[in-house]
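Note that the chains take the letters A, B, C, D, E and F in the order they are written out, and that residue 1 is the start of every chain.
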Amino acid sequence: MTPIHTLHILNKAPEHPRSVACMGALMPGDALLLTENAVLALAAQCSTLAGIRVYALAPDVAARGLGQCTGEAALVDYPAMVDLTAQAQNVISW
Amino acid sequence: MSTLIVIDQPPYGTWAGREALDMAFSLAAFDQPVALLFTGAGVNWLRKLQETSEVEQKSVEKNLSAAPIFGVEAMYADAAACVRYRLTLEDMVAGVVMSESSSDLLNQYKHTAFAG
Amino acid sequence: MAAIQLQNYTLVITGAPYSSQAPQTALSFARSAIAAGHTLDRVFLYGDGVHLASAFSAPPSDETSWPAEWAIFLKDNDIPGVACVASALRRGLVNESEQKRYELPASNLLEPFVIAGLGEWVEGTMASSRVIYFHAGG
Amino acid sequence: MAAIQLQNYTLVITGAPYSSQAPQTALSFARSAIAAGHTLDRVFLYGDGVHLASAFSAPPSDETSWPAEWAIFLKDNDIPGVACVASALRRGLVNESEQKRYELPASNLLEPFVIAGLGEWVEGTMASSRVIYFHAGG
Amino acid sequence: MTPIHTLHILNKAPEHPRSVACMGALMPGDALLLTENAVLALAAQCSTLAGIRVYALAPDVAARGLGQCTGEAALVDYPAMVDLTAQAQNVISW
Amino acid sequence: MSTLIVIDQPPYGTWAGREALDMAFSLAAFDQPVALLFTGAGVNWLRKLQETSEVEQKSVEKNLSAAPIFGVEAMYADAAACVRYRLTLEDMVAGVVMSESSSDLLNQYKHTAFAG
């Protein structure tokens, strides 16, 4: 697995302006971790992100009843979230 | 005086929707006519099978299912928001009515309160 | 899978409990970081996040007390928890010395949290290999 | 211009001071309403708005103290100010009876604010001809 | 002047999802009062609203340096804001 | 370690931007390299002639003008956001640099902190 350049942690619903800005700022080699309300992007008809690894925090996915529609996103638990932040060169919380 | 409580924020990430629900239940407890409108990302309150133990919050699914019993007259879901979040009536708690036009709905109520 | 390099984290929480999910996500993260062998340099509360250090928060008994859970975690792991003084005073959170200065009847700062300036955050960013922010969602 | 019918207002504030502009806009509105001869049935603090009733808020001396300004306005005009008990307890705002119940060292509720249930809001909506909400902006 | 059916008080920036929803809910005979961050709509390239009276709270306009670009909106002070809420049949705070 | 503080919320309606400015000034006071990026509705922080007495808040215009003196290395404004809010360099406090690509800018800094 190639290293993550920047890990973008997004915790806002797809309609939130910062969520829109985050999606526009992703670069090849980056990874996106959806947490809290941002996991709703898995249900919303959002555009797919070419070349970006997408993760979603499983406890937040379960809380919002979205276990069935994770699509391309890899589900991670809190320890795996920590691993992602340790592996990435940079971390940005949106 | 009829009241419409509008919830447009998703569950668990903020407390606003939860506290708006309390407002609706409180009106109903005082026998005041009240309905709920879920719109925008707020429609996600209505999705079935919310499993909240790992985020250490109480699920609101049970409360919502009990809303008609508590005297909440109607639970509306904005139809366009449901399409956006791929929610059909089958995916949602019982007793939800689709609203094709939320602006018409807003016009029918004397008193409107948004969540937070 | 390659071994993960151990990091020294500073966590910054800007979302309030019972208003945002930030304190819960941050605590789950913090527990997992410690369990994986990482260290936490400090936890800094900023903006609305300072409400996490309230000793007066009294949620219903069937809800998690985020201030209490955080206080236990910080004590058990001997991690400094710092609330920004400027954010705290505006929002009605005072330690004993501020209590005296403003002639208030009590302090409402929950131990082991302390109140200090933004310099603590600057030091955290300098001392840590990772700074992770937990903002209010929306 | 037609004469304006006098109204009886209930104001509901859900945005916190030093986090949102809601307490300032609401106070400017309330002062103008009274000046125009309208009445204020009550002011209800809900959600993060309960922080407006903090007796411990200590902003810098060159900034307006919104809790203090609101307290003076309510006293001067004999208007009830009510903070929702469920919102208040979660957020660390307690009156004397809650202080005793939770064995806390002091109350941090600013007079003349009182703590009561959502029934106060329901009564306000029933007693008033206008209910105006002041939410956090964004 | 015809009476206002519903006065919509909006206090959020144009990007905010609730701001977008508010703009979509306006009906002929309604009025829109921009307060706090919502006055930024005067500067942003927003679509004009046919048949809707638009007001903006002058103290908020001044604070944001927008005195020069009020366009079609009528500036009101706090007493006039009170008048609007007294005149309108319904008031919705977004 | 260089830090970019990002302000994407407008002034006065919330406190987040104000507290983010304090973070920038604090880093500068400790001689740490720091720059500010104003983007989205946050570009409105930079508009000249903010007259805040009636909303009873301190104007931040003076603080921003003094940012270079306090040691803030740069103040960037997102160019697309400025177009949206009809802001040109002439309308803004002195010392602002237009940023054509905020994602490139984010990539140049080791440490990024958003306002609230």
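Worth pointing out:
What we mean here is this: a residue touches a chain if its C-beta (ideal position, glycine included) is under 8 Å from a C-beta of that chain, and two chains touch if they have at least 3 such contacts.
Remember, predicted model here, so these are calculated numbers, not experimental data.
Steps from chain B to chain F, minimised over paths through touching chains, total 2. Chains that count as touching both chain A and chain E, per the definition above, are B, F.
When you average the Cα atoms of each chain and compare centres, the chain farthest from chain D turns out to be A. Look at the CA centroids: the one farthest from the centroid of chain B belongs to F. With centres set at the average Cα position, the gap from chain B to chain E is 27 Å.
Computed centre separation for the pair chain A/chain D is 39 angstrom, with centres defined by C-alpha atoms. Centroids built from CA atoms put chain C at 24 Å from chain A.
Within chain C, residues 18-19, 21, 28, 47-48, 63, 86, 131, 133, 135-138 each touch two or more of the remaining chains.
Of all residues in chain F, those that touch two or more other chains are 9, 12-15, 40-41, 54-55, 57, 111, 114. Those residues of chain A in touch with two or more other chains are numbered 11-13, 15-18, 36-37, 59, 93-94.
Those chain pairs judged to touch are A-B, A-C, A-E, A-F, B-C, B-D, B-E, C-D, C-F, D-E, D-F, E-F. Per the touch definition, chain C reaches chain D in the complex via residues 16-19, 47-48, 51, 54-60, 63, 67, 86, 89-94, 98, 102, 104-108, 138. If you check the complex, the residues on chain E that touch chain D are 1, 9, 11-13, 16, 18, 35-38, 57, 59, 77-79, 81-83, 85-87, 91, 93-94. Against chain E, the residues of chain D that register as touching in their complex are 1, 4-7, 9, 21-22, 25, 28-29, 31-33, 35-36, 38, 130-135, 137-138. Within the complex formed with chain B, the chain C residues making contact are 18-21, 24, 28, 62-64, 136-138.
Contact residues on chain A toward chain E in their complex (touch as defined above): 13, 15-17, 20.
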